Amino acid sequence: MTRLPRPARTSLALGAALCTLAGAAACSSSASSGEGGDGGPAGAYTWWDPYPQHDDSSGWAQRVAKCGTEAGVTIERTAYDTTALTNQALLAAQEGTSPDIILLDNPAVSTLAETGMLTTMEEFGLDTSGIDENLLAAGVLDDQAYGIPIGANTLALYYNQQVLDEAGVDPASVTDWDSLTAALEQVTGAGHKGITFAAIGTEEGSFQFLPWFWGAGADLRDLSSADAVEALELWSGWLESGYAPNSVINNSQNTTWEEFLTGDFGFALNGTWQVNSAAEAGFPTGVLPVPAQDGGAAPAPTGGEFITAPVQDDTARYEVTKKIVECMTTPEGMVETATTFAYYIPPTADGQQQLLADSPDLRPWVDAVRVARGRTSDNLGTDYPKISEALWTAVQKALSGAADPADALAEAQAAAEDEIG
Amino acid sequence: MPVTTTSAPRLRKPGGAEAGLPASAPRPPARVRVRSTQWAALGFLAPLIVYLLACYAYPLYRNIDLSLHDYTVRSFVQGGADFAGLENYRDVLTDDGFLPALRNTFLFTFVSIAAQYAIGLALAVFFRNNFRLSAVLRGMFLVPWLLPLIVSGSTWAWMLNSDNGIVNTVLESFGAGRINWLTDPGWALVSVIIANIWLGVPFNLVILYSGLQNIPEELYEAAALDGANAWQQFWRITFPLLRPVSGITLLLGLVYTLKVVDVIWIMTTGGPGGASTTLAVWSYREAFGTGLPDFSPAAAIGNLLLLIALAFGFLYLHLQRRQERT
Amino acid sequence: MTALTQPVRRRHRARWKTVLGIALTAAMLFPVYWMVNVSLTRTEDMRSDPPHWFPWNPTLEGYANVLDDQLPAMTTSLGIGVGCVALTLLVSAPAAFALAKLRPWGAGPLTFVLLVVQMIPGVVMAIGFYAVYVRLGWLNTVWGLILADSTIAVPFGVLVLTAFMTGVPGELLQAARIDGAGRWRTFVSVVLPLSRNALLTVSLFTFLWAWSDFIFASTLSRNADAVPVTLGIYAYIGNNTTQWNSIMATAVVASVPAAVLLVVAQRYVAGGVVAGAVKD
């Protein structure tokens, strides 16, 4: 314990104190007084995305860098995990230090658009008419598009061919809820496990429940409808009959997939992002669209990120930003993104055609994405997160036996109405 | 005696070791001595005071500010949130989820710290006797603290999984039935408490062990000569002399346990359907658990927790003063 | 202790204690074992039912990833931990001495403030620091993280050190005073050495908190210059996929140097320091 470092530390703390007080004052007066960017060198454009799994040497990082080079700038890319990204974006916007480009998970687009921190694509003069309407809808608030999807994914039923063969189930026979439940009965009767899905108490739980909810004809504005109750009874019935394990209540989609990979399960509800992993599994797999209650494919929710451009003080930056956005959203660019990630379906008809030409086995996924539905569509916007929270809570209560499906959903509807006001 | 010394709340309790010895400040040259002591004390406290102002003033102000306004995501970014007075607090207190969350908070906190303290103290007494490997083993007990919570929380969730968890496998091999640890509303809270106790034991062990080190060996030797057995020695020497350290350990344990979010969030996200939601988890969910950050109620819940902690802080000071008087 | 039978009985008892100690430690560390187990398990075996007690078909993929990616992050974490310990001790030890021995005015309110500030949610603290650091240009610096992380430990340090320092016998301070030592001398050469256990305890926890902090790191530091291990782990948590074996492997590898540090530090907690001083 020497005396020496003490004055240094004290002045440091003092500096922070003064700045803290200054900060408090500055914060309440004006929102956009920052210097723009995280102090990067001039000519550098900042880029945030939710792909920390792709490091600087990855194909994705190189693709981002290339778009910068083509626009004549260097891009400084920072990756956050999905939840941290939204929070960080809010913080940066508050301090007026937003990056030039953020790739946002689609339900977050309307939330951030609501804050006024995102520019519209119209301001940028970007044409969004070529984008599939169902995919663009998640980024539309009051008829304005606040971003462009760089790719989309959705949910479908993966099945384990080996397990189905042993149980004598023909996957083609699964066309509606009854035939699916019958198939699960056969699979469990043959000593295997039926189906696994994710009903965790987060957005993922709602995400996975929606294909069934919509497949019954229910509407997010009315959580307690008879259709909604039937969808929830389908799930809780599976748990009671032992067709699905009790642990699904706490499963994330990722856990669900790990369970499927053990080879014990007949079916698993999961997304486009597992295509590669399914191909490498130790058993043959296949994909079915999630069946609607009375047959046909149920609309599944869309997943995937939007490229968005936050508002900047220095609007001169927009010109380059526009070039970068364009580079990411040309049909070739979309296909490149799709193959870089190995799980994104391009959101334009052109892009989809090109992708199918390269990899025809993605056909079921392209079909699924075409009928998929945005969670924040129909102008639900920032009401969606509140409805979703009520919905996943109801799902958890029903599956864990804390309430029966009808009561749980009635409670959820009341809670959602209360929140939305 | 000047008013100053008697009115100053004392944060000290003479340990039994020096019981009967004169107090540290000599009395005779009272006024002068006291004043210079006060200046010296201020000098020693100055870095702390500067530090507290620098690091906490703004966040504390911000938390209160958030809870008194109706912040939407828009006003969070753009400013100009409506003043809501105590509206957020009223909403929280009248919410259907409030009473269950309060009950869960108290169960979680008190069961956790009681068990952590009891186990920590037992282990500290056990490790007090130096035996072969005791130092190494004591060090090993801290290893759980080295793991990021995302890892230890996930590991517990893994072990307690209803279908493929190791705990149920063991239970079944003993012929007991499967327990849906994380997915049964009756067990979810128990599960997160178990994991939290595990996390808290090293903290209690280390602090209490250090406290034991400061109890003079002579006292035990004297007691042994008087024929006191280990049990009597514990209750007559260890426990009373450990009181200041025990007090602060329990108080800190309370503060840390009240605000636990990560473990619960990682293991159950407060579910199923709110069965393991404590106030802290609820606050976190409002702010970050949904797609739409709702900072105002989150801050209000946070401030309620702060009040609970303060109430126990009062209790702590009160007990301490009463003890000082006796 | 001169009785002939005593040492024999003692040794016997001590062995019994070592066995019990190992058993207790093993029970305590079982979840850690489980983590190691998972770190070596292939993804397709992770959720097998019943679970494997031992990774029969081990994969070292996780460890390969970690050694490639995480070494700089571990160095950063170590630096932050050590810096945080130094800062925390510098602020809290003198303050604790004052609170414990000098009976300052306002000690009670100060204790309350110390309690209150610990209840400020970490996220709000992080938001506050962010606002300040953006203006100072301290984002993505090790220094910035050290200061932020120390806020978890300083109130703790003051409260714990105060509790311990009240136990330092008053007559020792008086003796020092009679020898002509000023308060600073008394503090440095009498109180601090006597508080070695407590200082070490506070250091341990400060280090551990800084080591395992996630909230500050994720808000204040994202560029490669100052990424600690807790953040490095998030490279394995994609938005739809999680590489568990890499995550667990990171945790295992990262805890090794810190564990060595802990075991070594624990050995230095010598018994009966105060008692010895009183006797002399």
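Chains: A, B and C, in written order; residue numbering restarts at 1 for each.
Definition applied: a residue touches a chain if its C-beta (ideal position, glycine included) is under 8 Å from a C-beta of that chain, and two chains touch if they have at least 3 such contacts.
Just so you know, these numbers come straight off a predicted model, no measurement behind them.
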| item | value |
| --- | --- |
| Furthest chain, CA centroid comparison against chain C | A |
| Pair joined by the larger number of C-beta contacts - A-B, B-C | B-C |
| Mean-CA-position distance for chain B and chain A (Å) | 37 |
| Separation of chain B from chain C, taking each centre as the mean of its C-alpha atoms, in whole Å | 15 |
| Multi-chain contact residues (two or more partners), chain C | 47-49, 90-91, 127-128, 131-132, 147, 244 |
| Junction residues of chain A, two or more chains touched | 6, 9, 13, 16, 20, 23-24, 27, 87, 94, 259, 262 |
| Where chain B touches two or more other chains, by residue | 47, 51, 55, 58, 62, 161, 163-164, 288 |
| Complex contacts: residues of chain A adjacent to chain C | 1, 5-6, 9, 12-13, 15-16, 19-20, 22-24, 26-27, 34, 38-39, 50-53, 55-56, 78-82, 84, 87-88, 91, 94-95, 97, 105, 153, 253-255, 257-259, 261-264, 271, 273-274, 277, 281-282, 303, 343 |
| Residues of chain B defined as touching chain A within the complex | 46-47, 50-51, 53-55, 57-58, 61-62, 72-74, 76-79, 157, 161-164, 180, 182-185, 268-275, 285, 288-293 |
| Of chain A, residues touching chain B in the complex | 6, 9-10, 13-14, 16-17, 20-21, 23-24, 27-31, 83, 86-87, 90, 93-94, 107-108, 111-112, 114-117, 200-203, 245-247, 249-250, 259, 262, 382, 384-386, 388-389, 393-394, 396-397, 399-403, 408 |
| For the chain C and chain A complex, residues of the former touching the latter | 43-49, 69, 86-87, 89-91, 93, 127-128, 130-132, 134-137, 139-140, 147, 188, 192, 218-219, 222-224, 234-244 |
| Chain C-facing residues of chain B, complex | 4-5, 8-15, 17-18, 21-26, 37-38, 40-45, 47-48, 51-52, 55-56, 58-60, 62-63, 66, 123, 126-127, 129-152, 154-156, 158-159, 161, 163-166, 169, 198, 201, 203, 206-207, 209-211, 213-218, 244-245, 247-248, 251-252, 255-256, 258-259, 280, 283-284, 287-288, 298-299, 302, 305-306, 309-310, 313, 317 |
